[in-house]
Each structure stands twice: as structure tokens, then as C-alpha cells.
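Below you'll find the structure, written out as C-alpha cells, and then a few comments.
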Amino acid sequence: MTANPPHSLAAQYSAVRAQTLALAAPLSEADCQVQSMPDASPVKWHLAHTTWFFETFVLAPHLRGHQPFDAAFRVLFNSYYNGIGAQHPRTQRGLVTRPDLATVRAYRRAVDAQMADLLGSTLAPGVAELVQLGLQHEQQHQELVLTDLLHLLSCNPLAPVYLPWAAAPAPAAAAPGWVDQAGGLVAIGDAGAGFAFDNERPRHQQHLRPYALASRPVGQGDWADFIADGAYAEPRWWMSAGWDWVRSQQITAPLHWRRGGSAGSGSGNTAGWQQFSLHGLQPLQADAPVCHISWFEADAYARWHAAQHPGSPPTRLPTEAEWEHAAQAVAPQALAGGNFLESGALQPLPASGGGLQQLLGDVWEWTASPYTAYPGYRPWAGAVGEYNGKFMVNQMVLRGGSCATPRSHIRSSYRNFFPTDARWQFSGVRLARDAG
Amino acid sequence: MTANPPHSLAAQYSAVRAQTLALAAPLSEADCQVQSMPDASPVKWHLAHTTWFFETFVLAPHLRGHQPFDAAFRVLFNSYYNGIGAQHPRTQRGLVTRPDLATVRAYRRAVDAQMADLLGSTLAPGVAELVQLGLQHEQQHQELVLTDLLHLLSCNPLAPVYLPWAAAPAPAAAAPGWVDQAGGLVAIGDAGAGFAFDNERPRHQQHLRPYALASRPVGQGDWADFIADGAYAEPRWWMSAGWDWVRSQQITAPLHWRRGGSAGSGSGNTAGWQQFSLHGLQPLQADAPVCHISWFEADAYARWHAAQHPGSPPTRLPTEAEWEHAAQAVAPQALAGGNFLESGALQPLPASGGGLQQLLGDVWEWTASPYTAYPGYRPWAGAVGEYNGKFMVNQMVLRGGSCATPRSHIRSSYRNFFPTDARWQFSGVRLARDAG
Amino acid sequence: MTANPPHSLAAQYSAVRAQTLALAAPLSEADCQVQSMPDASPVKWHLAHTTWFFETFVLAPHLRGHQPFDAAFRVLFNSYYNGIGAQHPRTQRGLVTRPDLATVRAYRRAVDAQMADLLGSTLAPGVAELVQLGLQHEQQHQELVLTDLLHLLSCNPLAPVYLPWAAAPAPAAAAPGWVDQAGGLVAIGDAGAGFAFDNERPRHQQHLRPYALASRPVGQGDWADFIADGAYAEPRWWMSAGWDWVRSQQITAPLHWRRGGSAGSGSGNTAGWQQFSLHGLQPLQADAPVCHISWFEADAYARWHAAQHPGSPPTRLPTEAEWEHAAQAVAPQALAGGNFLESGALQPLPASGGGLQQLLGDVWEWTASPYTAYPGYRPWAGAVGEYNGKFMVNQMVLRGGSCATPRSHIRSSYRNFFPTDARWQFSGVRLARDAG
Amino acid sequence: MTANPPHSLAAQYSAVRAQTLALAAPLSEADCQVQSMPDASPVKWHLAHTTWFFETFVLAPHLRGHQPFDAAFRVLFNSYYNGIGAQHPRTQRGLVTRPDLATVRAYRRAVDAQMADLLGSTLAPGVAELVQLGLQHEQQHQELVLTDLLHLLSCNPLAPVYLPWAAAPAPAAAAPGWVDQAGGLVAIGDAGAGFAFDNERPRHQQHLRPYALASRPVGQGDWADFIADGAYAEPRWWMSAGWDWVRSQQITAPLHWRRGGSAGSGSGNTAGWQQFSLHGLQPLQADAPVCHISWFEADAYARWHAAQHPGSPPTRLPTEAEWEHAAQAVAPQALAGGNFLESGALQPLPASGGGLQQLLGDVWEWTASPYTAYPGYRPWAGAVGEYNGKFMVNQMVLRGGSCATPRSHIRSSYRNFFPTDARWQFSGVRLARDAG
């Protein structure tokens, strides 16, 4: 794998498409078939849907003489584009055992061949942008392949392994600290240097009060302390809806944490815990970012943390503007040193170094910001206008990418979004506070 | 009823408490007993809980020698204050037939007598503020008494009447228009002139682009046109979650709208519709604001409206900052001329006059803003800190008060909030758009 | 109250109708309004529906010049007769606060006056039978008034009292034993001596092997032993569906049993338990029949009991034919000495005497028999044919009446029926076994 | 495939085990993986669980030196035997992608090899009976492999084919008629000639009134008439619980019937319908038995049929005693001529010949009898005692086997059972009536 995306669109296309197949390579047909919950999709579906995206939005309108691989796929692999037509119900994606995996691979090859033809020709205006969108779309699904697979494997009592992995010895982590930011009238949103989704636009001004960001995300050791203090049984740390969620779902730890590791596998409060990962069951790593937490948990942690430090400004989640403003300054280093899909770790790693660390990669960071339209937002024209805009309600913004995000896919203006109870992504949290 | 609040705290207390009883006066014990859905509460519960608020937060800590009326009420009538202790489950409020209504009235009298003693003495620091909070709290419940009752009566196939009412002839309404606002770096939030909830603070700066607000809320005639155009069957107007809601709940009109009025009861698309109100079934009024719509419907209407006016800047919901900035300038007139609880109409009325009309009163106006903490927000200390802060997620802000809001309760910085599918409040919508 | 039904139909009518009002007399309008679960109905609804039955099935077709009290009631108070037309949804009976209780009482008086006119005249063929059916129907609802009310009051954390009651000192109970029955080809079903429901007909033959019935129902002390042995946590005593029910509903004791009585309130395993009753919270009575158990619990108890007595024929539930055949011989004494509604105890009482005791009254006894049609069964003609036949699936038969059944309502051929998880009736269990 | 079971136990074992693999042979790993609803199981699970049965109940206790293939399988492939220990949750069987299909096949081979060793030795008392039980168990799962697969494929909008099949021309069917039975005191239950489940015992007497059985099951043409008469919209044909089911589930036809066949594919009311089968979409066959109906539908049909023939004794479902008594006389011919798994039709076929036809094979026939214990029933000792007894509640008996039942598996005393709303089995109905 390479961290540097190839330069020609055709080469980028080949590289991204190959990456998807590489992720599926270790999996059986059964692994690729199953949908473990309504929010997740089968790997086979991801393989097909990303192909459908190119066929539907690029080939059908722009390749002369295009014939669909199978006319039934237009409905079968449509995710949510009402502008394209009907959709096979999302919750029933795992029931489609035919076409089989070999047919879906053939579908990929057929579309790839036609895309090669198209990309070898002179593109009409706007087509390159659609292809670029398709590649960004496929990269998003690469991350989902891993998180959906992790969820599926976590449902298996035998705790199976996707890929074995030997952790490198972690360097000594610097003590976490606070990095002050001056605030003021700042600009956020896409600055126009490369691809951006419509939801990152337009760049606009926001007024920020002085604030500070934690130098790194909350760690697994921090979280074990939070649990040991009884935090999942104490309503005052929680939003009302979060407390309802904790009780009705009987939440007592991050998703994939399990009691029962040997006492020797950690120290302090991390002892006695294991976490299920793409490498199977593993001990906690105190200095690595906690992940697979919901917004409710991130928010509760901040309130609990504030109560542990009564003399300091109360900790809270950063707004997305605060996060992005700080990230603009350090993005190049964060990108170069970050733990992304390409590292092969497939899990967050301990921090090292100084300053604002791990802003990009490792874990998506929940923010205090609901996912809404920027002032002056306009969705893309046509059916691709359904890509982002229609989801701008009842979700919270996450920033920064994760260990499952391709490096070439992330940037400081990137906005991810999930509901407040979602946990199956590599989601963590970085604290903020008002300037002291 | 009187529009001018009395000046002494004791007199204010008496007036507000009497107002609550006046609302319940036309009701039977059965009417006061029933909880028609989990979101609503019985009138008897409202009568008791508002009393519990004074007993728990004012009398218990601040009246020497205070004895509780009934020790069991501390749990029974606690709404959601974990800082006070356990709560009778919200969904089971309607099952408590004992204490009966007479006992709850006696509870009110006993607490009122003790409050009179307390208010006749010299108050310790902070007590007056708690009493004021209790009165604001009771006024909120006055509105809920009416909306919860409306919901209960709407479940009765006999369409019963709370109070008969004869509509005055509506003056000719001015044609709706747009009122431009310059935007820039503006201040919103409580300016400190009187009571405000913690969620209105601190006053802070926001940067607004130039925008315009509609001169009045969307009318019932407008909404009938929206329906006639098939809007509830067309996904492209709706948020994804909104469209799921429309289909799963089979939504086809505002809550309380019913097909079947005589053709003569309206003109154009309002013909053939009736709406259930606190005065029973009534014809639509084309020029009166639509109400009992969800945020999903308000948002969809704005998108549909934009598509009907392709040459103009697309319409959308205003942000709460846009709304408040505009309201600051016209609040005194809006307050003086508004249709509030005291008018006795108990339903929105047709617009009249020019400029920004009906900003206060008639219907709560959904905004584009999720309900979140203002920068620098600090909840009140103690158990009353649970009043607002713990609900700042997955809800949207509404502004301006309604025909069921006491006039002395509303102000331009006031933030109401409900989930995106809530419809049983007097909720409507005013359009906004970017400056052309 | 009187144990001997009056002889004239008019006198019977007056007596039964007065009994219903007497049951409601201690209740407030709120008590009469609320529906505490979908299976239960408000007392006000019972008052109205029993009246509707006479109006719909007797007055409307048979009283010349009959005018309905309120035409809307035909739908509003129809329970489940599709032959009559539409029905207000069962789950929303508690939401109908108008008509109020006074109006429902007036409805009763108006129908009673018309019934008096009709019953003072010469009745057309079949009308007396319909009136008799209406009275039997009303007696069924008298029992439901009490069981539905008990459920409602049990939802109130204040444990309110319907009627105070002082238990008489219980005579020493005879030790329970077994009463042998020869079996053979026996006849069961209505023998034609008086009123019977269609489901008791036709009388027919069944072949029974020799068997024995326990001399009295399982007692509360027995049940406390069952619990103390961990029976609610041990799957081998339970039907598969019963075990699912125990776990999903977290069942650990009969309905209305509560931990927390003082240690002095019982002896052995009954200590530390209380039961909620129409007289409020009370200690257990070891020798009184356990009640408010489901069929699943009755069946599990029999299997547990068998395992405690490995040398004897395994205990089981009796079939309804076994029960009825045994009851035919002892019905007159059982009727004379039984604990019915008229005793005022409103709860099962300890056994006394010898032989087959408590067959009638005290508690309904679950049988091993699913509720099905007797061979040759024909439902009544017309809409009253919906009374019983359409419920003959997925329910189990109970026999013998309870402490809430009017004495004149019960007989040895009487078939009651409820689903296997129903517990809010006065339902208990008597063991049976094959002859040794 | 062969209709005559081999005689030695080892040969029987080999034949039955091979039959299971043959059924799975046309399927992909994905087809074998998916669980399409909680009631169904993946084919891979069936392959493993039937193997687990032999390993757990035969090899573990009776093969010296037995080592489990994988200790984790004891829990993973336990269906419902609490006596064996914990079980992987039924609803999550489809989530177990590891072990993969190849491992499950290896598991089968390993157990088969050990079984061959055991069966080649002298068996301890009772072992042959356990092996026989394991084979009967596996034959039950052979039928479930087909019905669960049919359900899975029916969820695929592409209507895939399990096996292609060319229907032979159907001989002209004799007109259906009635076959009288004298009744009286008859004996039913296992007569001891060969294997029987515990639920078929003991043979015992039942008293039957004279009755008649229809000469063949209700046909698809009959059912199309039932639908055309509006039967799914008319409450009077339905049990109360059945009517609730029809409305809440929006039932309008047998499972797998679909509107939309070409008008030429049938005549009369069968035109315009297709049915999904293991051979894909097919036209209806008027003279073939209807299948995939629930007990509710079977029962409603009988009531509707009675109303179409007012001069005749009303039709109804037969009791299981009526069915078995009639079947005892004709079982040999019915077995010889029946349409079973071995025919390869995998769907019911049109009737031919005279007298009582199709009693065995084609479709399971719903009866009027709830599934309960026979008088004197004793479950088998040990964990296999959970096989049948704990399911004897809230289910109805079906008789006769189907086109998916192995011929060597069925007999006249055989009792199948399913809940009243189950439809994914090959379930049909034969009418009965009292003697005229």
C-alpha cells in the first residue's frame, strides 16, 4: 500500500478499486454475505454498491453505448438515492445470496473495464468530478467494510481474527496537556485546494472565544478510570437521553470491551479488560485512544472529567469550528505522521511526540456540533445532491479520520456524522475547554 | 385575565397560581386524570408537579419548620430531577388515581399558604430568584396543560370542546413579503433586563450573513397548497429521517387536520379540511398560521417552497440567531399586539398589519438550529441545573411563543426546544432566505 | 348482597344491575376512568358496555319505538362484535373522558327504564334468553371490574385500598390429600338445567383413565416453597415458551407478590413476602390458595411438585373433563360453601373441611385443556355468535369461579379461558395425577 | 434417491446423512450461511446441529475415548437442550460465519467416522434407539433445510431457483368428495411397530362421533375462489386472533403467492397469480393442494366453505384423532403412492385416483387439535426428554407429512406442530364435517 495517491485519474481509479478488493481478500463468501445489524451492510454489498455508483452516475450518462451489467442491479444496489428510483430495503441487504460473490466480482471487473475506456478518452465537463466523487465514495465504504466486518465478527462467540497483527513496542507517550487557541473571527470550510464534499462548503466565518484543545484524545486508561469511578451508574454525568440509553441498552463500557482479561494484561484500572478488534481479543492499551464510544459517552466523560478538576475551566467537547481552526495549522504534519488504513494497524495506537497529536487518524473525534448546513450551503445538482444534505439532522459531527480511513481521503475540513448512540465506528473523543 | 403582571413577587405568585387553576376549571376529574401519550402528562399531574417545584426547591430548603404535605409526593411528582432522587415513571403518570383531584387541590392550597408566609418575610439571598424560576416553570406548564389536553381530547372520537369560542371577523391580511436584515457580527442571548433561563446565557456574538425573514408565518392556506401538490408523497422535499417518519407514521397532514369538512367551509385547497382545536372541530383559516407541524414538515415545506420560486434565493428555516437578531428590534410591538394565552383565542389568528408580524405569539416557530449550549454556558448550580442543560441534544429550537403562552413569559431570547417529530405543541414555521 | 338470585327476570335484572353499581360505589371518577393495560378496561367502560349490550341486543330489535340514548355509543361501547359494526379501539378505552361518569350513569338509568318497560310486557320468543345472556354477561364484567381495578391500583406506588377488610380467624385447615376418580366414558357439558353459554354445549362423552384430584388448590405456603427452591431460575420445570416468558418478563413470583413484609408476618418461606390486594398490602396466608399465577407458572409448579415426590405418579394439571366430571358430584355443596363475590372477602381464603374443597369459588383453576370447541359445537345465531366461538384458539380453560365471581354465575360446566401468560385474574391451580 | 430405507442401522445412518448433504449440494456458501427470519436457521447450522446431535447424545456418552471435534461446538450448535447447557442465541445463528462451511463439512466427516466405528461394534442397551432418534431428527431437519431455504430465496427480489423442474402432465383429477367414518371409541397413538416419538405415546382411546373427511386437501383453485370472494377482508370467517393477524400483518394470500402472472397461466380465479417455489416463480395449479397457509387461514377457509354450502353439515378442521383413525386404514397405500421428498417434485402435486387421497405427503394438514400430551404421556428420560414435551402449548397439530418429508420418516401416528401463524412449512388443509 502507498500513502501517496497516484496522479492520473485512471491510476487513482485503479488504486482505489484495488484497495477495496484487498480488504475483502482474507474473507470467505460467508464473511462477505452477512449483515449483522441494520446499520451495517454486507461486504459483498459494499463491493457491489461502490461499483453501482460508477455505473449509475458515470457510465450510464456518459459512456456512449453503455449497457448495464444487470438491469436488476439498479434497484438492488441503490443505497438511498430516490432520484435514481426504488431501493432494495436496507435491512434486507444480507438476505440477497444471489448474485453470489463471484458474480459481484465479475460486476466490478466489467465496470472497471468500461471505466478504463471512459478514462482513456476525453472527458466531458463535470465527468472527472463525478469520478473523483465515486473514488471518495469508495474510500468511505472501505472504512465501512472494516467497521461493519468488525461488528459482524464481534457477534461470533469464537472471537475470530480478521488479520493477525503484532504490535510494535510503543514509544513512551508524552504527558497529555492543553494547547491554547486564540479564537476570534475565523474561517472554516473547504478552501478550494482539492476535492471536497458539498457539506464542507461554503467556507465561511465563525466567531470563536479563546479556547484550548487537549493535546491528544482520551486514552483507554483514562476510560478505565471513568468506569472504575462508577460513571455508567451515575446520572449526573449524562444527558437525559444518554442516561435513558445507558439504562435501556444496559451500557457499561465501550463497544467491544469485555471483562475477563488476565490480571497481568494491564495495570491499574485497565487490568481485567479486553477489547475485541480486527486482530481478535487484545488487552487494553492505556495510552492509545479509546474508541467505539458513542457521543453520549464522549459527552458524559467530559462532564465527569470536569468534576475531577474543579479548579480548572470545565472540560467539554470542542465545536467543529474549534477543531477545524486548530487543525488547519497542523494538518500537514498530522497527515504525514497519522495512523491511517495504510499503516495496517487497524486500531488506534499510543500517542507520541508533542503539541497537538493524533488530530488526523487513529480515531474519529466526536464534537459538540450537530451536523447542519453551513451558511449558504447548496447541495450538488441532480441525484448526487442526496449524498449529504438530506442527513443534516439528528446527527453529530466527527472530525479527523481514523485508523480505518485512507490517508488520501481525509482533510481538516472533512465532516463525518453519526447519531448520538452510534458506536461501531472507530469513534473517540478529544477534550476542549474555554481559555482559563 | 390580565396582560400586565403584578409587581410584587407575592402578587405575581398569586396571579400565576390562579391562572393555572383557571385553566383546569372547565375540566372534570376524568379530564384531569388521563395521560394520552408518553410525551403528555395529566392535568392533575401538572397541578401537582408545579406545586412540588415550590415545595421542593423553595419551601423545603428555605422555610423554617417546613413539613412536607405528603412525604410520598417527593418521588411521585418529581419529573426528572435526579439530584432530588427517584421519580415515578413518566409513562405511568396517568395511572395514579390516588391522590384524587381534591387532594391535589388541597396540596396546592397548603403550599400556597406556606409560600405566602415565606413571601411575607425577608427572603434570604437567591430565594426570590428561585420563586421567579418556579413561576416561569408554572407558566411553561400552563401551556402544556393546554397542549396535553388538546391531544387528549383529539383522541376522543366525539370531538369534545374544551371551551366554546366565537371567532371575530378577521381583518384583511396584508400580503406576505420579505423583510431584509443586514447581518454581520451580532449579539444574541439574554441582555440581563429581567428573568432568563440559564440556556439563554451568556450573551455572545455570532456572525450572520445578510438574510431576509418572511413577514409572517406560513399560513394554513399555504399548507393546503403544499398538500394538494402531493408533498407528503414526494421524497425530494424531505430529510431522509423525515421521509422515514412520514412513511412509517403515515403522515399526510398537520396533526389535528382532518378530511371531511363541508366544501363551503373554505376556498381553494382549504376546502374539505377541518382542524380539531380546543374549540372542537373548525374549518381552516387560510390566513392564520399553520400549527401542529413537526420540524420535519417545516423543513420540507421550505424546500418545496424554494422549488416553486426558482428565480429567488432558496427559502429555508431561519437560524435561531437570525430569528433573535430580527426580533430584538420589534419585540415591544410584537409583545403588545401578540396573540397569547390571555387573548382567549387558544388558536393562531390571521395576520394583520405590516412589517414583521406575529413574531411573538400565535405559533412557536421552528428554526434551523439544533438546541445546544451557547459558548460559555454554565448550568445553574444544584438540582435546578438539570432544568435545561441535560436536554441539549437531538432537539431543535423554536422561538417566539404561541397562543397558549402567557404574555409575561415570552421574550426575544427565549429558547424552546422539541424533537424533530413533535407536533402536539402550537408549532409553526416562518421562512427565511439569504439576501438576494 | 344475597346469594339467592330472585326468581322473576325483572327482579334478576334489577339485582344484577344494582350489584354492578355497588361495586363502583367506592370509586372516584378518576378510578373509573383509567385503563392500566391493554387487557384491562376502565370501570366506566364496563358500566357503559354492559348497558350497551342490553340496548343493542335486546332493546334495539325488540322494544317498539326504541331510540338510542346516544347514537355514537353504538361504536364507542362495542367491544368486539363485528356483526354490529365498527369498534372504538380497545387500547384507547381509557382516553374517552367524555361522556363523563355522570352521563354513563344516566345511560344506565335510561336503559334500565326501557328494560323495565320491556320486561313488564309479554316477551317475544327468544327475548328472555337474550336478557338472561345480558345478565350473565354483566356478571362476567362484575368480576372484570374487580380484577381490572386491582391491576390499576397495583400500579400506584402508594398501594391504595379499594375496601378495608378484617380477615376472620381461619379455622385449622385439613391436610391436603388426593381424591380418586374412576374415569371411564363420562359425559361433560351443559346438562340443560339452566342457562349455559354456547361453549358448554353439546353435552358429550369423553373417555377418562382413572385419576386423582388434589383435595384443594395449591396454597400460598406451597408457592413460597416453590420460589425458595429457585424454581423461577430453573428451566427444567418450564415449558419452552414459559421459560422465554419468565426471562423476558423477569418473572420471579405471582403477580402482586412483593418482597418486603416484616419477618413476623408469616412463617417459613412465606415470611418476607406481602401481596397487594383489594384491601391493600397484606401478608401471605399459607393455607389460602395462591392466585394471580399464569398457566405457565401453574404448569411449572406441577412439574416441580412431581420431582419432589419421586415415588408417586407425577403430578400434572387436570384436564377440563377430569375437573368437570369430579365437580358434577360435589357441585351443590361446593356452591353452598364457596367463597364468591358475595362473601366480601375479595380474596381467596384458607381451606377447611374434607373431601374436594374449594372447587367452586376462591380461585379459577387452570386446566391442561386448551380452549376448543366441543364436538358438535354450534355458535349462537347472529352477532351474539361472536360471544365465545371466535376466541377458541391459543387460550387455556380455567374452571370453578373465584372470590370475585357472583355465586349465581358459576356452575360445574362453566368454561373460562385466558392466554397462558395472563395473571391479573384470580387464577390458581389444583393438581391432578394418574391413578397410582 | 431411494424410497426403501436400508436395513442395517449403519446403512440407514449412511443413507440419511448422505441425503442431507445431497440437499445442500446445489447451494453456495452464502446460501448456506443466511438466516432469513428468527424461525428459520441457516443450512450450515442444520448441517452442524444434526451432527452435534450424534456427537452429544451418542458419541460423547457411548464411544470410548471420544474427543469432541471442537469443544466450542457444544454450545454453538445446541438448539434448545437446557440439560446439555447453554445455547448460542437462536436469532443469531446466521451471524456465525466462522467455522466456515468447509469446517462444518469436516465436522460431519469426523463424526461420521466415529459413528461408523461405534456402529461396527456391539451396542450397549439403548444406543440403537438413540441412533434411530438421531436419524429421525436429521430427517426432520432435511425438511427444514428445504423450507428455510425456500423462505430465504423468497426474500430475494430476483426470485432465484434452487433446482429447475419440469412438471409432468397432471392426470385428470377425480372430483373431490366426502368419505364417511363411523367413529366410536377408537384407539390412536403409536402401535409399537417401529420408531415413534414420545409424543405419539401412549396409544389410548378416544370417543369420536360419526364424521366425514374430504377425499383430498383444499386445492389452489379453491383458495383462489376464497380470495376472489373477499375472504381476507371479511372478519366473520376468522378467529378473533386470526383477524388481528390478518390486519396487522396485511395478509391477503398464502405465503409465496404473488400477483402478476400472465392471464394465460391459469383459468378462473387462479389467473393472475403466481407462486414462488423451490423451482422459482410458477403458475398456480388448480387441482394441487394449497400450501404455505397458517392455521388461521385453514380455519377461516372451513368457516367460509360452510357458508357456501348452507344445506350441508358445516365444514370444519378434523381433530387429530379423526385424522389418525381414518389414516390407519389407508396408510400403506398412502405411503406407497405419496408425493414425498424422494419424488423430487418439492411441491404439492394434483390429486388423482379415488377414496382418501394424499393423506400422506404433498402437504401437512392442519387439524383442530392443539398440541398437548396424550393421557399418560411421559417424556423420554434425560436431556432428550426436552425433544417434544416442552413445546406442548400454544401450537396446533399437523398431520401427514409433505412433499419435503422423507418417505421413511412419516406414519399415521406422527404429530407435527406449529403456532397458528406459521406459514413457511408446506402446510395445507383437509376439511372435515360431522356425519350428515
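Residue numbering begins at 1 within each chain, and the chains themselves are lettered A, B, C and D in the order written.
Note that in this section a contact is a pair of C-beta atoms (placed from the backbone, for glycine too) under 8 Å apart; a residue touches a chain by one contact, two chains touch by 3 or more.
Note that this is a predicted model, so its numbers are computed, not measured.
Touching chain A and chain D alike: which chains?
none
Need the most distant chain from chain B, centre defined as the mean of C-alpha atoms.
Checked the centroid distances; the maximum from chain B is D.
Would you kindly tell me how far, in whole Å, the mean C-alpha position of chain D lies from that of chain B?
59
Between chain B and chain C, tell me the centre distance in angstrom, where each centre is the average of that chain's C-alpha atoms.
Chain centroid spacing, chain B to chain C, equals 47 Å.
Need the CA-centroid distance for the pair chain A / chain B, whole Å please.
Using C-alpha averages as centres, the distance is 38 Å.
List, in ascending order, every residue of chain B touching at least 2 other chains.
In chain B, nothing touches at least two other chains.
Classify the chain contact graph as line, ring, star, complete or other.
Topology of the interface graph: a ring, with each chain touching two neighbours.
What pairs of chains are touching here?
A-B, A-D, B-C, C-D
Looking at the complex, which residues from chain B come into contact with chain A?
Chain B residues touching chain A: 80, 82-83, 185, 204-209, 235-236, 238-243, 295-296, 299, 314, 316, 368-370, 372-373, 375-376, 378, 390-394, 420, 434.
Per the contact definition, I'd like the list of chain B residues that touch chain C in the complex.
Against chain C, the touching part of chain B is residues 28-34, 36, 44, 72, 75-76, 88, 92, 94-101, 152-153, 155-158, 160.
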